[in-house]
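What follows is a set of structures for review.
Each of the next two complexes has chain A plus one more chain, namely chain B in the first and chain C in the second.
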Partner chain A sequence: MAEDPVTLTVDGVELTVPAGTTILEAAAQLGIEIPVICWHEATTANGLCRVCVVDEDGGRLLQPACIAECRAGASIETRNERALRSRRTILEMLAASVDLSEAPEIEAAMADCEADAQRFPDARAREHELIDDNPFYLRDYSQCVLCWRCVQVCAEDAQYTFALTLDGRGHDTQVATAFDISMTESPCVFCGQCVGVCPTGALKPKVEWGLEQGLAPDEIRSLTRAPRRRREE
Partner chain B sequence: MMVAPEKVVRSTCPYCGVGCQMDLHLRDDLIYRVEAPFDTAPNYGNLCVKGRFGLDFATHPRRLKRPLIREGGPGEFREASWDEALTLVSERLAGIVAESGGDSIATYACAKATNEDNYVFQKWVRSVMGTNNVDHCARLCHAGSVTGLQLAIGSSAMSNSIGEMEHLDTFIVTGSNTTETHPVISLFLKKAVRQNGAKLIVIDPRQIELTDFATLWLRQEPGTDVAVFQAMAHVIVSEQLYDSDFIARRTEDFDEYVESLESFTPEWAEGVSGVPAGDIRSAARMYATAERAAFYWGMGISQSTHGTDNALSLTNLALMTGNVGKPGTGLNPLRGQNNVQGCSDSGGLPTVYTAYQRVDDPEIRGRFERAWDVTLPPKPGLTVTEMVDGALTGQIRAMVVMGENPLMSEPNLSHAQHAMEALDFVVCIDIFMNETGELADVILPSASFAEKDGTFTNSDRRVQRVRQALPPVGESRADWQIVCELAQRMQRLQGRDSNGFHYLHPEEIWEEMRALTPDFAGITWERLEREGGVHWPCPAADHPGTPYLFENEFPRGKGKFWALEYGTESELPDEDYPYNLTTGRVLFHWHGGTMTRNSRLEEAFPEPLVEMHPEDARGLALVSGGWAELTSRRGSVVCRVLVTGRSPVGTVFLPFHFVEAAANLLTLDKIDPRAKIPDFKMAAVRIESCAAPEGREGTETPLEERGAIREPTKYVH
Partner chain C sequence: MNGQLPDDSLDNLLAPYAGRGREALLPVLWDVQTAAGHISPEAVHRISHCLRVPEADIYGVIGFYSLFHANPTGQRIVRVCTDPVCGLRGGDALLEALPDDPQVTIEHSPCLGLCEHAPAALVSVRGEGERSLAPLTDVAQLLTPDALPDYPVVHAAEPAVLLEGAQPDRAQTLADYGDYAGLRRALALTPDEIVALLDESGLIGRGGAAFPTGRKWHFTRGDPQARRWLVCNADESEPGTFKDRALMEACPHRLLEGMAIAARCIGANHGYLFIRGEYPLATQRLAAAIAEAEAANLLGVGIGGSDFDFRIEIRRGAGAYICGEESALFEAIEGKRGFPRIKPPYPTDVGLFGEPTTVNNVETLAAVPGILVHGAAWFRSMGTEGSSGSKLVSVSGHVRKPGVYEIEPGITLRAFLDGLCGGVEGELQAVLMGGAAGTFLRPEQIDVKLSFEDLRAAGSTFGSGAIMVFNETVDLRDVLQRLARFFQHESCGKCFPCQLGTQRQLELLQRAPQPGDAQRLHDVGWTMTEASLCGLGQTAGSAVLSALEQWPGMFGEVERQHG
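Now for the complex of A and B:
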């Protein structure tokens, strides 16, 4: 029993989409790309990062485009000043606490809404040691924006392994294994689906890291399970 | 500083039969990141540890870089030029053909090489050596399934596609530790259970991970599969749960089969297999009353002295319930190697040319003779198990082994080693030195999957492209190039015009194969580039390919029921050898270990471990990490113990990847009379606690500190 299609306007352009289409999908049909961090085609959208917020009919709250479904007759503004200001502030706060130097898509989103990475100079940065506890990939949670994608693909969105979870509260929240045990002790099967969906370089194949450090091929090959190692600046 | 790829190459994973599509990110001739496209079949963005992190074997320093010629004892080689090595090989092989006939040469095609490599290889063997003695390791893995499926329906490929798995209703996984051997397929099976509420029945003696997802788990005694499945058939018949319409339209011999079933009651099966009769009834009802029900199986069904019967017991169930020929149903043997389907499809078998066209059919043979401009031998050749025996009797004088490692993969290795040593001449074409290579007279270095173009055909018959990402290591060459060189030289030595082996690119080989093979006729190279993959059979350019088979009929016409008897030729435990040994794979390794043990996967799982039930371990005064010696009537190995409830009481499990405790020193070379497949899942062994062997690297390290080896306490029941 399909519901009737929905007609709405996005940035002044009218279109009709099947019921249940999200605003993000509808905008994409018009070639309008709404910046978003946590959303990924392979994971369940859960409206976490709020970078994709849009203005719907000037309503009291901005709507996260990745999960908000299109409503008949709605008028969506994806880039009016209200939406941009909200997006900009979120990105500026993120940039104040997380190392985004290896997140080109987020940097592009910041440029797009003229966000100022230095707006909150006194913010407490998320600083973590580089975790090197397995032969295959490294974890640097100082680059983690907590988009949850890795946790999701480790669980019901792909692997059904449930090796990853969230640890801590508030600013100290961090992706971790249960009881923060090492990956080799955890249920992890090293499929690397988490590495495949990480948007910021927080999760990285060891070979890639070795290449970044300028190591020779035989040095890269010997990067196995060395003790935890601090990242070279 | 972030690295940017110099190029990104789409290719097909060289490990298991799932055929995952992968994007290789390259810089400085190094594969530094492997990603999977999210929008592409068959894996839709997923990979396992081997595909994602285990491709560094391609650039390992131990890769063979120059041809090697043996001087002196086993393993003593000197480097040689290609010209010298190719001349030597072609002269020796041509000489042996001239003296003793082509049938004195035995050859191994390669389930890891491309379709094009294998097509050219069997063309060389058949048209230049004049023998059908070409076979490959499929004999050691799925011959039981192949023979059973051929008898029942006339086709042995996986009947349904990976894409249908998500929408399963009820399915049975038996004899397959899918999460470790076909990890990405297991994701779709788990998804069917978790997101769509499909019912999974696991029928397996080991407590594999999928039992966590199962509605019902039947833990049969090893080797009693036929009893369980026959009893399920008995239930379906006695409760009239079968599909009369399907049976009438699509099958034959049902009435005879029903008569033969009388004694196979669930109560009888409980006595034989240890599975409660009530569970057998439940499984039968779930399978028979489902809207769509499918079988997925692996080596546990096939690798048995009664592997053919095992497979037939599954086909009987599918035929009586009509669970074949529709989406989400079917008879699905999961293929082990990246291109074991393709190697068979390309004619790497002793009885058939491409796509199972028989060599003893004069009309088909005539077509190949005209195309190749040569007279071809009509007599089917030897299987790999027969080749080994032939070497001992002197019937076989020389062996050509392309990319396989029979001295790890054959059963009863000591026997196989004697056979190889008895040969006049052995040639190996491989990317690494391995146990078989040590005994070779000449080793020719070949290019890995990452260094050549071609196609692989995955488990669900999807032909997919392999693309060159790296330059060949050292002087290595693609297998098809090596074979063409040898064929041309042998043709000249035989005083024949050199023709049929002048290809410039694998595309030309594929197109020649396509022209000779009606099932591939619609799969043009250009189409593979455009669509990413096509499921054969695909008879015409405008045909979409065939994700599921047998919609309207079976290749043999009607599906045939086969009455079965229960019994076993396998070696059962006795007073002297009181434990049953079963063998298999672990997630981090691959078959003989030639690739994975030369990659960082080795770091995660660096040593052989024998899995043993806590009760058995207590009886033997063994603990996890302790050392044990396993002895069968054929040999003996030493390794550490992992105590786990995954193994049933009385059965131990030993992976066969590790030369330092080669499981196949213990296995029995008794074969299924029809499929000629050996029994890798049952051998009687005795076990004793022993001292740590001296000099084995790293083994003084506690077990839990060795990579991803964990004590799976959660499994202990």
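Now for the complex of A and C:
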């Protein structure tokens, strides 16, 4: 049974969309681009990053545009001061924890809402050593924003390989293999999908990275070191 | 023994779980953790085969729950609470005084729910399990815990309804409590009649959200074809909150009877009692009470000669405050990391195992038998218009008699502190209402009435009924830092505002105030409040924002105001 279409306004412009349309999709129809980090068309949307939050009718909570469905009669503000404060603060807090130097889309989102990357100068960053444990890709979790996409495509969103998990909790969460074994010891089949969906430089194709460093392909493959040891607690 | 289990012992341990799936993961991990002190790669490998869960997923679950260890631990694990009240009572000093010993693994613990007996600790002994220790007077007690008797449970008060017949040193038996007269009454009523009775009573949830209980039961019955579940949320972990613990330790049958009535109403045949892993005494007493009730045919198959079957299964949490959030609690029962789910859909439609579920707080369920026995009018005769019935409160900090009290809503905070609590120790500086996720009151604000509606109107919160009292000797910045550390430790990490915001909030409170910090705290707090995914994140900045409002000079001036 098809539900009735929904009419609402986004940034003052009225439009009608099919029931079930997300605010992100409705805004896109009007040419309004709402920034996203975790959302990806190929993965299940979990509403993690909250950079896409918008103000719906001045409600108690801001709504994540990527998963919130359009409601009839709603008035959505994608860029009022309230929505921008949360968007800006999330990006400022993220920049204090993560190396975003290879995440141009996030840097653009920061510029768009005038986020200050130095807002939290004494903050503890998530610093991790580069992991080089297989011939195909490198893992630099200092650049990981915890969008979960790699874990999702490794599991039910695509590959059903289950090589990856999230370890730890809160700010200290990290993408990991079981007991931090190397990728070659893990069930990883090196399908490459995790690298494909990574929004930052956390997962890098090794050959591309090596060529950028001025290495020949043979040299790059010979770089793989011994399996990594478990990190300190 | 260094924590390596012989193969046959692991086999024996896993045998009862054969054929079960992922929902058995937390119970299995608890068994291995208790037997071996940690969960080794070999154990994970075997569990993976037994339950058909990927090894990486199991490792991720171990890493999520604080009471599980992937690395070897000592023969005993000692966890000392250093949250606000235990901090005031010497918790930090105890932690620091513990000697280095490879056989003892020492950890800081978030609130253990023993604030009235602060300072408190939780000790795990390999092969035996957990024991709560409080009140501690010296460090030696942590290493020879058998010498310390169990703490006394409750201070009952008038009207003693929920805590009627509570004893300080033991749990009520079935003989003390009676043979579930409320349940027998419920068996004679239709589910609609039970819902109507609950609606009429005005009972609202005691876990913090104050949702009408009758409505929740009604919504769970929306799809008559669906299998339905009853879940009791006994994951009480909010710092300063310990009333559910006391209720379970003293009056376990009242809770079990309330669960059976709820199950009868919504049409559930299986109930989970999800209790935090830090409550070993309550867990033991509930298990004994369940066995007693089953033997008396008050739980189990064909209850009281009727066609109603209802079993209660205790599930132990494993150290994660977030699992008090109802959808995160479902994830834990399902054997996953305790991440809260996106709402809607709500649990009454899509809950445990994707099926309609009622989840109620311990105290809410314990209020139900009295309503069945004495009627809705009796319940309404207590308390206020918007807060009918009696209410348990947990009082800790600087009062002469900290403890769990049963009160009639409508009494002022001042009268309560001066009366039942024996008065404030020293000169009152501040009261934190509602726990770590609550708000502060200044001394001139304590004439507010203790009821859901009066506290809400005053911009405060009753929340779960936690009242923490601080006198003039307390550095409130230190209190805020401890609260911030709690949230930083307990954030699940799922959504960015809370994952990052709890870390930034702690950092800002740990450093000497610098220009702009008040504004930073304000922005971090409001971002968590308005943009976080679940109730934890949405209240993780509450106490700090409240302090900024009550004592604006505490962090310097706020330069720019928004929203």
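In this section, the second predicted complex is superposed on the first by the 217 of 233 C-alpha atoms of A that agree within 3 Å, B and C clash if a C-alpha of one lies under 4 Å from a C-alpha of the other, contacts with A are read in each partner's own complex, and residues count from 1 in each chain.
Keep this in mind: a contact is a pair of C-beta atoms (placed from the backbone, for glycine too) under 8 Å apart; a residue touches a chain by one contact, two chains touch by 3 or more.
Every value quoted in this text rests on a predicted model; they were computed, and no experiment measured them.
Partners chain B and chain C, once the complexes are superposed on chain A, both fit on it without clashing. After overlaying the two complexes on the shared chain, residue contacts for A:E3 are found with neither chain B nor chain C. Applying the stated contact rule after C-alpha superposition, one finds that A:Q193 touches chain B and leaves chain C untouched. In the superposed model, A:E114 makes contact with neither chain B nor chain C.
When the two complexes are overlaid on their common chain A, residue A:V53 makes contact with chain C while staying clear of chain B. Of the two partner chains placed by superposition, only chain B is touched by A:E185; chain C is not.
In the superposition on chain A, no contact is made by A:E127 with either chain B or chain C. Looking at the superposed arrangement, the partner reaching more residues of chain A, out of chain B and chain C, is C. Of the two partner chains, chain C is the only one touched by A:L146; chain B is not. Put simply, if you stand at the Cα centre of chain A and look at the Cα centres of chain B and chain C, the angle between them is 120 degrees to the nearest 10. Remark: least CA distance from chain B to chain C after fitting both complexes onto chain A is 7 Å. Partner chain A is touched in their complex by these residues of chain C: 41, 44, 54-60, 63-64, 70-71, 320, 337, 342, 488-497, 499-504, 507-508, 511, 520, 523-524, 526-527, 530-533, 538, 562-563.
Touching chain B in their complex are the following residues of chain A: 41-42, 101-102, 134-137, 156, 158-160, 184-185, 188-193, 195-196, 201, 205-208, 211-212, 217-218, 220-221, 224-225.
Taken in their complex, chain B has these residues touching chain A: 1-3, 25, 27-28, 30-36, 38-39, 44-49, 52-53, 56, 59-61, 179, 183, 187, 190-191, 194-195, 213, 587, 600-601, 603-604, 704, 707-708, 710.
Contact residues of chain A toward chain C in the complex are 37, 46-51, 53, 60-62, 64, 67, 81-82, 85-86, 89-90, 93-94, 96-97, 119-120, 122-124, 145-146, 155, 162-173, 176-179, 186-187, 233.
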